[in-house]
Each structure stands twice: as structure tokens, then as C-alpha cells.
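Look at the two complexes coming up: chain A is in both, with chain B in one and chain C in the other.
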Partner chain A sequence: MNYDARRLGLYGVLGALVVFYLVPLEIGLVTSLKANPLATLPFAPPTPEGFTLSEWTRAFGALQSGLVNSLLLAVPATIFSALLGSMAAYGLTSLDWRGQVGLFTLFLAGIFIPYQAVLLPVSRFWAVYAPLEEWLSVLWLLPVLEEYHGELLTLVITHVAYGIPICTLLFRSYYKELSTEMVEAAKLDGATAYTIYRRVILPLSVPMFAVTLIYQFTQVWNDLLFALIIMGPGEGAPVTVGLTNLGSSLSDPGFAVKMAGAFIAALPTMIVYVVFGEQFAEGVAT
Partner chain B sequence: MFDRIHDAVGTGKGDDEQRVDARTDGGTATVSDEDDGGFFDSVSRDFLGSLPFWLPPFVLMGFFVYGAIGWNFALSLVNVQQFNDPNYAQLDFEQYARAFGDPTFIQAAQNTAVLLVAFTLACLVAGLLVAILIDRHIRFENTFRTVYLLPFSLSFVVTAQFWLWLYNYQSGLVNVVTQAVGLGRYQWISNPQLALGAVVFALIWQFSGYAMVVYLAGLRAIPDEHYEAARVDGASTLKMYWRVIVPQLKGATISASVVLMVFALKAFDFLYALAGSYFPPNGTDILATMMVRQAFSAGQRSYAAAIGIMLFLLALAVIAPYLTYQYRRGEL
Partner chain C sequence: MAELVLDGVTKYFDDDGDRIVAVDDASIDIEDGEFLVLVGPSGCGKSTTLRMIAGLETVSEGELRLNDTVINDRAPAERDVAMVFQSYALYPHMTVRENMAFGLEESTEMDDDDIDERVSETAAMMGIEDLLDRKPRELSGGQQQRVALGRAIVRDPEVFLMDEPLSNLDAKLRSTMRTELQRLQEDLGVTTVYVTHDQTEAMTMGDRIAILNDGRLQQVATPLDAYHEPANEFVAGFLGEPSMNFFDASVEDGSLVTDQFTYPLSEGTLADLDGASEARLGVRPEDIELVEEPVDEHDYAVTVDVVEPLGDENNVYLEFDADGDDGDGRTFTAVVDGTHPVAAGDELGARIPESAIHVFDADTGVALHNRDRDSDEQVVPQ
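Showing the complex of A and B:
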């Protein structure tokens, strides 16, 4: 086989792989636009007379509040876990005692905990020992705020707690590679640990914040388990919970509305992924 | 991920020494530092100064991770159902014994093992092959990589909806294809014999891109000379990769497989979304789904806690040897 034919074969295989990875999405997209998805081949685009946007409207209507809840959940949870991860990483890299590595290992192991091992205590803790929506009941009298925001706060704190380990790992490995000269110089100048963090470390952390925020946002947005168990399918349910309940009935499998819903629920993470692909790949590869 | 862990843990000690050196240099250079109490004080000052930074995250994380696991373990030693309060006066391992006599548990454990092994191996092989293809100085490399990793960015809940439709008996793509090539139609999800394989295949679709990214980073770290040397020796491309390149990807293989196994243990979201209930499709029950069902649907809280602890031990068995290995390698 000569070089050109080989090259052609290589691109042929790569193209086939593109089809493999994209075909489920393509099918989902065309299906969501069909009035009767069972009538045509799954991958065929909708015919002019079979074309409809009503499934998208229906899915959007059903998932609207879930989308808002997911945003209210994912944005603060992402910011706080990144911030706390950065603080922990800074505290653990500027620490000069032997327990440092041991302590860091405890943070690390937290990454790999199967949530099933903590689910019962966590749900019990929030339900019985720290019912935030009762404690903060005064707040729900305010305009805009509703009682289910207390449940969302519960979920935010939970996600922050379980997001800290991975954020700490990402930031710590980044801080290890930073030059220590500036920190040492600032120390000799008598700068406090806080000043060094605020003036030296934080400004240098911006690229890593991008990576961590993107990674963590995707994780929190995509989660189902905590939302399902800690909150249940109430008013505050995020979009993933809404999606699992969408479209199923005995008479109609509702594939079109499910596909439309899947895209609506996935849209924020897809946008983040396409726009910040580099940072996403970096967060993933580490 | 594990390269970073290795770096972080491995360089920990070296950095300590480095920084202590810098500190003592500073200390001897300025007399006032010595007057303040010198080395020891500067260490404890640093320790105290760093406390506000790592202690709050540590307390929060420690409570939810280690506190909760401890609590869960205590729960697994009693016998509490529904919303009763546990009686901690009488502790035993009865729930664990019960698990090993429960055919549902044995089946779920088997499915978990099959899922772990088949899914991880297939993702590694697929990821490695795709990474090798991408690494051959192709055009539009970033575009290909972006497409292959796209499913990984999606939620389990979203991909479950797609695959539910793809596996549909009447009109799903998979059956359209198998029908067209003369294999006929199958109940991919509702046939217990096929369901687990169908789930594994869908998960491979979602996660092989991740293995690809990790392997690609590993391939990029191999110096070009290794390829050239093998080529000068007249090795075929296949031989070159098998003998020279793949052995150097040991680190990437280990880190990718650990992360993939952890994802496989967490496949609850996917199975829940497939069925829309705590009962996953027949034949796909894994420990993760069984635990949640026992806890929040059947109300068998202590039994569920015991299953959770066994899942935790399983994860630990995957992680601990590797962490120790990396830690030792870093120390040496």
C-alpha cells in the first residue's frame, strides 16, 4: 500500500469514528423534530409535512423550572468548590510540616468515594439534623425566595463538599509547578499568608480556575443521584430529575419529547464543552 | 488525573526540603529572624498561617466524606428499617452475612464485576487505538478529538435517553441495522441476557473518548527518537507499537483504568434514567442501584448501608494499591 492510500484509509477510519460518536446525537436531533418518530427511519431528517417544533416547546415547558434550578445549583456549587479547593491547595503547598502529604492523601481519597457509601447518612443529616429550609424559614417570607431554595442550598453545600477533593487536586498540582520565588520574596517582605494568597497566588490561578470551574460545572450539572435522593422530585428538582420523568406514559413512548428534552438538558454543558474544549480536555486528562 | 497525583505526592517531600532550605538561608542572612525564635517559630507560624486556608475545606469535606462513611458503617452494624431510630447497643455483622446469602446481592455483585472488567478493558482498547490514529500527524486533529470526547461531557441521564431510543425494538437504529444485515431484531434492554451488554456498549460509546485523551497525552510524552529507533531497526508499525510504545503507556493505562472503574461503580445515574425508576432493567442490577433501591425504596436502611460499605471497600481495593504504588515511587 502506498502512502496516499494509507492516508486515505486513516482518514476513512477517523471519519467512520466521527459517525459512530455523533450518530446517536444526530438521531436524537432529527427525532426531536418529527411529529411521528416511529414512521420513518430513525436517522432520516423529518419530512416537510412531518416536521414540528412542538416537542421542543413541550420539553422546554416541562424542564423550564428544572433549568433554572440547575443553574441556581451549579453556579454557586462550582464557584465555592473551586474557591475552597484553591484555598486548601494553597494551605497544603505552603505548609511546612510532615503531615502535609498525609493530609493531602485524605483529600485525594475523597475523589473516589462511591456516593452510595455516604448517601444514607447525608440524606438523614439534612432531613433530621440540619433541615435548612426550616431553619431559614424567615427567609422564605421574602419576595423571590421560596421554600425549595432551602433544599437547593442543601444540595449546593453537598456538592461543594464532594467537589473539594478534585478541585484541591487540580489546584495543588498547578501550585506545585508555580515558581516559588515570588512567594518566598513576599514572605521575606513580611507578607502574611493571606496577602500572599490574595496578591500573588490568586492572580496566578486564573487559568486553573477556568479548568476547574468548567470541570466542576459539568459534574454538578450532570449529577442525578444527589438531586434525586436529597431533594426528590419536588419544586426544586434540577433538570436531570425532570428529564428522567419526561415523556414516559403507557400509551406513548414519547421519544421525540425525550430527545428534545435531552438536548435542552445537555445544552449548557455542550456549549461549555464546545467553547472551552481545551480547558475541558485538560481538566479531564489530569 | 493520576499523573498529577503522582507529581503532587511525589514532589511533596522534595519541596519541603527545598523550602526549608530557603527558610534557613533567609534565617541566617537576617539576624532579626533568629531573634524571633528562628527556624522552629517560622515553621509553626507557617502552620498556623496556613490553617485558615486548608482547615475549613478540610472540615467540610472530612465531615461529608469520612464522617458520613463512619456513620454509614455504624448504620450497617445494626438492624434498622424504614424511619426507625437505630439502636447502637447491639452491633453485629448480620447485614453482611445477609448479603452473601441473598441471590439478588450475588447477582448484582456479579453484574458489577462484569461491568467493571468488560467496560474498562473495552474503553482502554478503543481509547488506545483511537489515540494512535489521532497521533499520526493528522489534519483537523482538534476537531476529531473534540468530537470523540463530546459524549463524555454529557450527563448519564441524557445519554440514557439517546440509547433508550437507539435500542428501541420497533424503530431504534440498532435494530434497523441488525435487521438490515439479516440478524433480526432484539429486545436489547428488556431481554435480561442482552441488557448488560447493551448497557456496557452504550457506556463505551460515552467513555472511550476519555481513555483516548489520557492515552494521547501519554503518547505525546514519548520522545520521537523511540519511534525513529524502532523504524531504523526495521520494525513494522504494528510491532513498533506493541513492543516499543505500548509498554511505555503503563502509567496512562493505570490512571485511565482506575478512573474508568470509578465511573463504572457510579453507573447508577445511567441505569436509573434507563428505567425511570429504582428498578433498573432486568439483568443490569449492580451494587450501586441495589443499594439505592434498598435504602430509599425498600426502606432496608441497614442492609443498604452494608452494601454501601462493600462498594466503598471495592473502590478502595481499586484505588489503594495504586495510590500506595505512586506514593512509594514518589518517595524513592
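Showing the complex of A and C:
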């Protein structure tokens, strides 16, 4: 009896949580499919005559270039911050040299620097001291490459730099668990610091790469602040910037198109979760 | 040909300005093809010594010479040594074949075919050719151990270094591997330094053993010499299971006088003591004979406290009757044949033959007198 009551309570709470998490998604989804979202209740499904996919097509059309830009931004930024973080962690953990604790503390401090604190310095830095678009102007003459790719490059580098500390921390905790005797065995086997990394440490890091790739990809993909301040709306703007501008007009609040756009923009991160999910779980468990 | 010389090798660590000495002035000449066992309790510096030879720790003072070349500053890879670790330290993402080939790929110019051939040969010798395509996690502990050995052997190094390689195996497998390792080392004739805390391994495997305590080398000798002629009280107590019985004694009128008994000494033994007035008497449990009642001058009335039957022999814990009932429970040990009828509470005589006693300096622990070696056949009673 008592047991049943507890079970009931448990399922009640679980059910409430499910509703709590799913309601916004449900409302978003049905809203995006309505020709006139204000005609019915927010969570009610669209009536057959009020159903339309036109808002999805409209949103996709508007966000298309943003999606491409976001991919160009997030994929390299994610890969490089994970790779560099892993290398830094290896150097700070598995190799032995003076001052590594002090240096690691600096890395650690990097995690806690808020975006807002560096926004202006970073944008000034790129604009005044390192105008990549100008420096690389020769490249923009090549086919395929456009001038806004230079802006994306600055954004990639910014995100890589910002992502390295957290990636280093994640990899370091993982490398600390690896057997030191194994690294020593490799040393005695004649491997150099670099070959130990390439042939022993790197292949063993796959689960942690899944973790950092998912984490960093989500971070970079969803970032609006850096994108807005460093490059602003323009040809090179990533999807998050496009999303904020979507359907904004005085006559139409654009609920439906905004919802459709949000789903489209969120899709790639979901795909990344699904693809790396299994290794992610393994990496988190270690 | 590989002759390894440790010449005054010292290692200290700095701990916030405090200098902690891990290995103090160790000098050992290890001959070509010799199997040297470094043995001692945990924290005695044996692993540190091995790691210095491997190049995984720097040498603070002294010299390491391999074939008369100083190797102190050589990187581990350039010392031509191979090491077997306690945890085996196999590369988990590589197959056995890749594990064994790794060292050859990294340290030699051999081409892939030669490497493959050499790996296969070694694997056949180790009896692991069926495991070549498996990953370490698919292997049992004993198999991993073999792979770890194979990985060292395939390199064909000048020196093998082994850091407690058998300690993760179960007792039965350990004794099999002990024999096999010895046979392998004999066949290959490679100079080997083997670290263990297990005195059975030390006694059975080593051509010579080096006993360390607190970072100091106590004695380097053949196992039997170290056992029968220990350089000091530490070595005497460390080797042998159950360990040697020690009694504090003063020298009075040509006898060793302890709280419980008086032990008359012969002229020869007395001469070895060189006029010392305080000493420690040592006698191995297997040298104590149990007699029905004390008759001889070296027989003492005792009561059996506890009997530990081991099958082939019994460990018998004895109390001196002289201690009375208010004795502080101090017992000493005798080992008798397993068929010898003895039970707790028996009142017997314990005979301590003079040919089997050791006498140590009371302050320094240095051996003043060791047992007679001519009477080796009496070492195992009955």
C-alpha cells in the first residue's frame, strides 16, 4: 500500500517533468504549422484548414545561408578546440616539466572569464590589430572564397581560443586516469613525446573527444554574442543571428516562422548528439 | 654482453626544501647475464633504483654504467633496456601483435616484414601466437603477463628490468611463471634486474639478491649466503618465513643472558663477539628442535602456545616457562615436521643448537657471528 503510494508519487513527478519539458516543444511545433497562430489556443494542434508548411519553407529559405555559415564556423572551431585542448592536456599531464601547475592554473582561469568581459577587447583586437580580412585579401580573389569568410575565420579563432580551456580541463581529468606506467612503457619503447601522443594517447581519447565535440559544437553553434559583436549581421552571419532577424515586422509578429526557424536551427546539434551519443555516455562515465 | 654497474647511486627528492633520500649510495656490479633481484619492504627504494636504471628517474648522485659507458644522462629509449611493469602497461587499443611491434617500430630501422617475423618468433617462444590478434582486455591476467614479457623480449635489449611482474597473478600461476621466467632468462642470457618484495621470488630466482632497507643497500650476495650468513639483523629478519627469532642478551661469564634463559657459548663463538657486552641472539625457527624435556645445556623448558599446521610442517609458537604465567605473551617460533605430534599446552624442551645461532651487535645490528655452514644438512630438521 505504502509502496504503491510511493510508486504513484514517483510516476506523478516523472510525468509532470515530461510535460514540463515537452510542452514548449509541442507549442513550438504546432505553432510553426499554423497559418494563423493566434486563431487557436497555443497548444492546440492546427485545424486541417489552418495547417501549412509554408512557414517552414519560408524559415528555411531565410536561414539557408546562415546554416551554411554556422557549419563553416562550428565544425572547424569544435575540432580545433578539442584537438588543441587534448594536446595541451597531454603536455600538462603526461609530460613532466617545471611550471606546469602554474600554466594549468592559467588555463583554468580561462574557463571563468565571462564572454561579456572580453567582448569589446576582442572585437577591437580583430578590428584594429589583426584585421584578417585585409591581411588575407589575396585569398578572396580565389573562386569559392568570399570576403566574409575572413570574418568567419576570426570568429572560428575566437571560439577556438575560448574553447581550449574547458577542453583542456576535460581532457586533463581523463588523462590523469590513464596509466602512467603505459606512458613510461612507450618511452622505454623508444617513442618520443609526439609519437606517444599520436600512437598511444590520441587513440585512447576517443570517448573524451565525443564529449568535447558535443559540448563545443553546441556552444559554438548556439553562440549569438560573439557572432553579433565580432561580425554583426551580414553575409557571413551564422544561423543564430539570422534567427533573431527572422519574421520581424510591424504588421506580423511572425510567431509561426520564428518557431519553424528555431527548430531548423536546433536540428544540427540534435544530430550531433545522436551521432556521438554512445561515445558521449562512455566518455562521461569515465 | 651487458655489464651494469651502479656506482654510489643516490636519489633524493626535494619536498618543500626538505631532502628525502630514497636511495642512498647504492653500489652493485651486475655481471653479464646475471639475474639480480632487488628485494626489500615497501618504500625501501628498490623501485626507485630500477626506475633510475630505466631512465625514468634522474640519478641525483653517483654513476650508472652499462658496459663501461656512463648512461646517467641517456634518455630511456637510448639505454637499450626493456622493462616489464607490475600493471603490465600494455597499450589497450592495440592488438598483442601491435603491442609487441611498437617498440621495434619506434626504436629500430627494421622494416615491417622483419618486425612481423621477429614478433611471430617471440610469440611462438612465449606460447602466445594464438593471442596475437586479440586486444589486452580480452586476455586473462596470466596471458597479459606473457604479452608484457614478450614485448620486452622481442626488443632483444641489453638489460631486462622487471618491477614486481608476478605480483598481480594468483599464487599458483605465480609459481609457474617464476620457474618459466627463470628458464627464459637462462636461455636468453640477458642481464636482468628484478624488483620484488616477495622473499620467495628473491630466494628462488636470483643469481644474487640485493637487499635494501630505507634506501640503503644491506647486502648483495647469493640467496643462500644471504640466508645463512646475513650481513646484519635486518637481512636475517627479512629473509625466511617465519622470520628469525631474536632475543636481547647481555654477555656475562661466557654466556648470553636474556630475560628468559642463559645460553652458554663456546670459545669460538665468544671470540667472534670480540668483547661486546650487549648483543642480540638470533635463531631460525627451523633450527629449533623440540625435545621431550630439557636435558642439554642449550635446552629450555617451554610451553606450546599455538600450533599452525601447514601440512608439510607446523609453525609452533612457544612460551618460555621461565616467563611464568605473567609473561607478556612474548612467544618465539619453531618449525617442525608436519607429522611431529604437538599440541597447544604441551610442555616441552626447546633445543637451540649452537651451530645454528647468529649473534648481532646490539646497537648497529651488524652480524658478529653467523651459523656454521658445514652443518647445512641439519638446516631442515628431521
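Here is the rule we go by: the second predicted complex is superposed on the first by the 268 of 286 C-alpha atoms of A that agree within 3 Å, B and C clash if a C-alpha of one lies under 4 Å from a C-alpha of the other, contacts with A are read in each partner's own complex, and residues count from 1 in each chain.
Basically, a residue touches a chain if its C-beta (ideal position, glycine included) is under 8 Å from a C-beta of that chain, and two chains touch if they have at least 3 such contacts.
Everything numeric here is computed off the predicted structure, so don't read it as measured data.
By the touch criterion stated above, A:195 is placed in contact with chain C alone, chain B being left untouched. Contacts of A:185 after superposition: chain C is touched, whereas chain B is not reached. Residue contacts after overlaying the shared chain place A:68 against neither chain B nor chain C. In the superposition on chain A, A:130 makes contact with neither chain B nor chain C. Contacts of A:121 after superposition on the shared chain: chain B is touched, whereas chain C is not. Note on chain A: of its two partners chain C and chain B, the one contacting more of its residues is B. In the superposition on chain A, contact of A:85 is made with chain B only, not with chain C. By the touch criterion stated above, A:203 is placed in contact with chain C alone, chain B being left untouched. Applying the stated contact rule after C-alpha superposition, one finds that A:245 touches chain B and leaves chain C untouched.
Residue overlap on chain A between its contacts with chain B in one complex and with chain C in the other: 184, 187-188, 192.
For chain C in complex with chain A, the residues that touch the partner chain are 54-56, 75-77, 81-83, 85-87, 89-93, 102-103, 106-108, 151, 155. The residues of chain B lying in touch with chain A in their complex are 1, 3-5, 7-9, 11-13, 15-16, 18-20, 22-23, 26, 42-43, 46-47, 49-58, 60-69, 71-72, 75, 130, 133-134, 136, 138, 142, 144-159, 161-166, 168, 170-173, 176, 205, 209-210, 213-214, 217, 258, 262, 265-266, 268-269, 272-273, 276, 287-288, 291-292, 295-296, 301, 304-305, 307-309, 311-312, 314-315, 318-319, 323, 327. On the side of chain A, the complex with chain C involves touching residues 179, 181-182, 184-192, 195, 199-200, 203-204.
Per the touch definition, chain A reaches chain B in the complex via residues 10-11, 13-14, 17-18, 20-25, 27-28, 31, 37-38, 41-43, 84-85, 87-88, 90-98, 100-101, 103-123, 125, 157-158, 160-162, 164-165, 168-170, 172-173, 176, 180, 184, 187-188, 192-194, 197, 218, 221-225, 228-229, 240, 243-245, 248, 253, 255, 258-259, 261-262, 265-266, 269-270, 272-274, 277, 280-281, 284-286.
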